[in-house]
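Across the two complexes that follow, subunit A remains constant while its partner is subunit B and subsequently subunit C.
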Partner chain A sequence: MMQRMFPPLIVLAMIFFVCAPVFIAWAPYESTMGLVQKIFYFHLPSWAAMFVAAIVCGIASVVFLFKGRVIADRIAVASAELAVVFGLIGLVSGPLWARKAWGVWWQWDARLTMALVLWMIFVAYLLLREYGGPGSEKLAAGVALFGMANVPFVYWSVNVWRTVHPTTNVVPTLVPGMRGALWWSLIGFLLLYALAMMARVRLEEQRATLERVYRELDD
Partner chain B sequence: MLCLLLILGIGVMETSAEEFLVQSMQTSQQDEFVPIDELETEDQLPAAPLLIAAYGFAWIAMFVYLWSIWRRLARVERELASLASRTTER
Partner chain C sequence: MKRFFAVAFLIMRKDLRVETRSLELFLTTLFFAVSSVLVFAFGFVRNGRPVENAVAGILWIAIAFAGTLALGRTFERERYHDVLRSLLLAPVDRPAIYVGKLLGILTLLAAVEVVVVPLIALLFQAPLFRHPVLLFLLLLLGTLGFTAVGTLFGAMLVRARSRDVLLPVLLYPITIPVIIAGVRGTAVLLQPEMDLAIVRAWIGMLAFFDVVFITLSLWTFEPVMTE
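Coming up: the complex of A and B.
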C-alpha cells in the first residue's frame, strides 16, 4: 500500500512546492521586516516538520523499547534522520532572517538555544546508531524519548520566557494572505516528510533483508 | 454661561492641540529623509540575498538528502540482486 501511495504523493508534493513560491510572493509584506520576513514561509514549516519527526521518532522508540517491534526501530531511525535534516534547514534559515530582523545572526535566548539542543539530541541519536555497536538501538531509543520530551518545551519557551523570538501568538493572528501561504508551505513540507519517510524506511527494510541473506549464506 | 464658555474654550484648545500634533508629525516626517548609509547596519542590509540563501539552502538540503537515500537504496538493491543471481546460479 505504501508503494502504491508513493507516486501520487510525489505528484502532490511537487504541486505544493512548485506553487509555494507563487503564494509566498503574493503574500503581503510585513510592515517592519519587509521582504526578509518571507523566510517565515519555509522557516516555520521546516521546524514544524522537525517537531513531527522528533515526536514520531520518540513514539516509534517507545514501541521498540517496550514491544520490541523491529519496524518501529526502522521508523525511528528514518524519522531521526529527517529531524536532523529539517532542523538544519530551520537552524540555517532562522539566522539568515535574524541577521536582518534583529541585527545579529544568533542569540542565546531560550527558544534558539533549546531548538539547537533538540537538534543536537537527534544528531547524537544518529551517531549512537552509527558508531554505538551492538545494543546501541535501545540506548538510542532512550535518547529519542528524551528528544521527544523536549519538543513541548521548545515550543512553549517563547511564551514562558522573555525571548527575542516571536511568540506562538503570531500564527493565529496572521492576515489571510499570509495564513494561506503558510499553510500551503506547511502541507508541502509535511508531504515531503511523509515521502522521505517512506523511502528511508524502505532503505532500512532492504538493508535488513540484505543482512538476513548474508547470514543465510554464511549458514 | 460661564460653563458654556469653559466648554467652548476646552474644545478650541483640544482642536489646536490636535492640529499642532498633526503638523508636528508632518514636520518630523518631512525631515526624515535619511540616506541609507546613515542607517543602522541591519537596516542597510539588503534582504534579497538573505531570502535567496535561505530558500536555496532549504531546496539544496532536501535535494541532497533525497539523492543520498536514492543512492543508498540503489546500492543495497543492486547487492540484493547480485546475491539473488548468485544463489540461483548455484
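Coming up: the complex of A and C.
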C-alpha cells in the first residue's frame, strides 16, 4: 500500500513545495516585525511536524514494546530521526526570528526550554539505538514513551507558565492572507514528514531483508 | 497487593543490607556530592559570598550528579553478580522488583541528602531550613521523580553497551522538569519573603511529574526488561 501511494504523494509534495514560496511572498507583512515574520511559515510547521513525529514515535514504540511488531519499531526509528531533523529546523529558525523580535538569540523560558528538552530526548533515543548494542531497540522504545509524555507539556507550557513566546492562541487570530500561507506550509511539512518516514521505513525493511539473505548465504 | 509490597520490601532490604555492610555506595556518592559542591563553590562564590540564587541550583545539581552516580553503581553491582537476571527469573511481579530497587536507591539518596543539604546550607550561608516542611517535600518529591526514571533506565541499561555514558544522556533530558521544579521551588524558599502559593505550585508540579513518571515506569518495566 505504502509503495503505491508514494509516487502520487511525492507529486503532491512537489506542488506544495513549489507553490509555498509564492504564497508566503503574497501573505501580508506583519505590521511590527516586517519581513522576519515570514520565518513563522517555516518555524511553526517544522515544530508541528516534529510533534507529530514525536507522537508517532511514541505510539509506535508502545506497540513495539507490548506487541513486539517489527514494523512498529521501524516506524519509531524513522519518526525519531525525523523528529530530530524537524526539531533542528525549528531550533535554527526560532533564534533567527528571536534575534530580531526579542533582541536575543535564545531565552530560557518555559516553552523554549521544554522544546529543547524534547529535542534532546529524541537525540538521546538515537544515541541509545546507535551505541546501546544489541537489544537496544526495546530500551529505546521505553525512552520514546517518556519522550511522548513530554509533548503535551511543551504544548501547554506556554499557556500555564509565563512565557515570552507567542501563545498557541495566535493562530486563529491571523489575518486571512497569513492563515492561508501558514496552512499551506503546514500541510507541506506534514506531507514531507509522511513521505520521508515511508522512505525510511522501506530502507529499514530492505536492510533487514539484506541481512536475512546474507545470513542464509552463510549457512 | 500485600505480596507485591512484601517482594518490594524484601528487595529493598536486600539492597540496604548489602549497602550497610560495605557502605561503598553511600560513602563514594556522598564524597562525590561534596566534591561537586566544592567545584561549584569556585564557580559561584565572588569575594567570599555566593552569587545570589546560586544555592538552589548547587543543591539540585549535587543531588542529580550524586543520584546518577548512585544509580550507575547500584546496577553495576547487580550486573557484576548477575543479580538482576536472577531477580527477573524469580516468580514475582516484575513491577515489584522495580519498586524494591526504587525504594533502595531512594533511601540511599535520602541518607546522602541528610548530610549534603545541611552542609550546603552551612557553607553558603543559605537559610534552607527556615521552612523545613516545604524543603522536605521538595526534596522528597524531587528525588522520587528523579530516581523513578533513573531506576527504570539504570535497570534497562544493564544489558546495553556504553551504559555509563548513556544513563546521564537519557536521564537528564527526561527528568529536567523535575530538576526545574526543584530548583525553582527551593529558590523561592530562600527568598526573604517567601511566596507560599508559588512554592505550592512547584510542589504540585513535582507531585504531578512523579505520578506520570512512576506510572510510566511501572507500565514499561516488564516489557523493557523482557529479553
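FYI, the second predicted complex is superposed on the first by the 219 of 219 C-alpha atoms of A that agree within 3 Å, B and C clash if a C-alpha of one lies under 4 Å from a C-alpha of the other, contacts with A are read in each partner's own complex, and residues count from 1 in each chain.
Quick note on the criterion: contacts are C-beta pairs under 8 Å (C-beta built on N, C-alpha and C of every residue); 3 or more make two chains touch, one makes a residue touch a chain.
For clarity, every value in this text was computed on a predicted model and none was experimentally measured.
Asks: Let's test your reading of the overlay: on subunit A, do subunit B and subunit C clash or fit side by side?
Replies: fit
Asks: May I ask you to decide whether A:Leu88 touches subunit B, subunit C, both, or neither, giving the answer as first, second, both or neither?
Replies: The first partner, subunit B, only.
Asks: A:Trp106 in the overlay: touching subunit B, subunit C, both, or neither? Say first, second, both or neither.
Replies: neither
Asks: Check whether A:Phe6 is in contact with subunit B, with subunit C, with both or with neither, and answer first, second, both or neither.
Replies: In the superposed model, A:Phe6 contacts neither subunit B nor subunit C.
Asks: Thinking of the overlay built on chain A, is A:Met120 touched by subunit B (first), by subunit C (second), by both, or by neither?
Replies: A:Met120 contacts subunit C only, not subunit B.
Asks: In the overlaid three-chain picture, which partner chain does A:Leu139 touch, first (subunit B) or second (subunit C), both, or neither?
Replies: second
Asks: Touch test for A:Trp183: subunit B only (first), subunit C only (second), both, or neither?
Replies: After superposition on chain A, A:Trp183 lies in contact with neither partner.
Asks: Report, please, how wide the angle is at the C-alpha centre of subunit A between subunit B and subunit C, in steps of 10 degrees.
Replies: Superposed on A, the angle at subunit A reads 110 degrees.
Asks: Please determine whether it is subunit B or subunit C that touches the greater number of subunit A residues.
Replies: In the superposed model, B touches more residues of subunit A.
Asks: Does subunit B (first) or subunit C (second) touch A:Leu192, or do both, or does neither?
Replies: In the superposition, A:Leu192 contacts subunit B only.
Asks: Let me test your reading of the model: by the given contact rule, A:Leu210 touches which partner, first (subunit B), second (subunit C), both or neither?
Replies: Touch status of A:Leu210: first partner only.
Asks: Can you give the closest approach of subunit B to subunit C, taken over C-alpha atoms and in whole Å, for the superposition?
Replies: Nearest C-alpha atoms of the two chains are 24 Å apart.
Asks: Counting contacts the way the document defines them, which residues of subunit A are shared by the two interfaces, the one with subunit B and the one with subunit C?
Replies: In subunit A, nothing is touched by subunit B and also by subunit C.
Asks: Touching subunit B in the complex: which residues of subunit A?
Replies: Against subunit B, the touching part of subunit A is residues 33-36, 38-39, 42-43, 46, 81, 85, 88-89, 92-93, 96-97, 99-103, 192, 196, 199-200, 202-203, 206-207, 209-210, 213-214, 217.
Asks: Using the touch definition up top, name the residues of subunit A that touch subunit C in the complex.
Replies: So the residues of subunit A in touch with subunit C come to 65-66, 113-114, 117, 120-121, 124, 127-128, 131-133, 135-136, 138-139, 141-143, 145-147, 149-150, 153.
Asks: Using the touch rule from the top, collect the residues of subunit C that touch subunit A in their complex.
Replies: 149, 152-153, 156-157, 159-162, 166, 169-170, 173-174, 176-177, 180, 212-213, 216, 220, 223-224, 226-227
Asks: So in the complex, which bits of subunit B are touching subunit A?
Replies: Within the complex, subunit B contacts subunit A at residues 40-42, 45, 47-48, 50-51, 53-55, 57-58, 61-62, 65-66, 69-70, 72-73, 76-77, 79-80, 83, 87.
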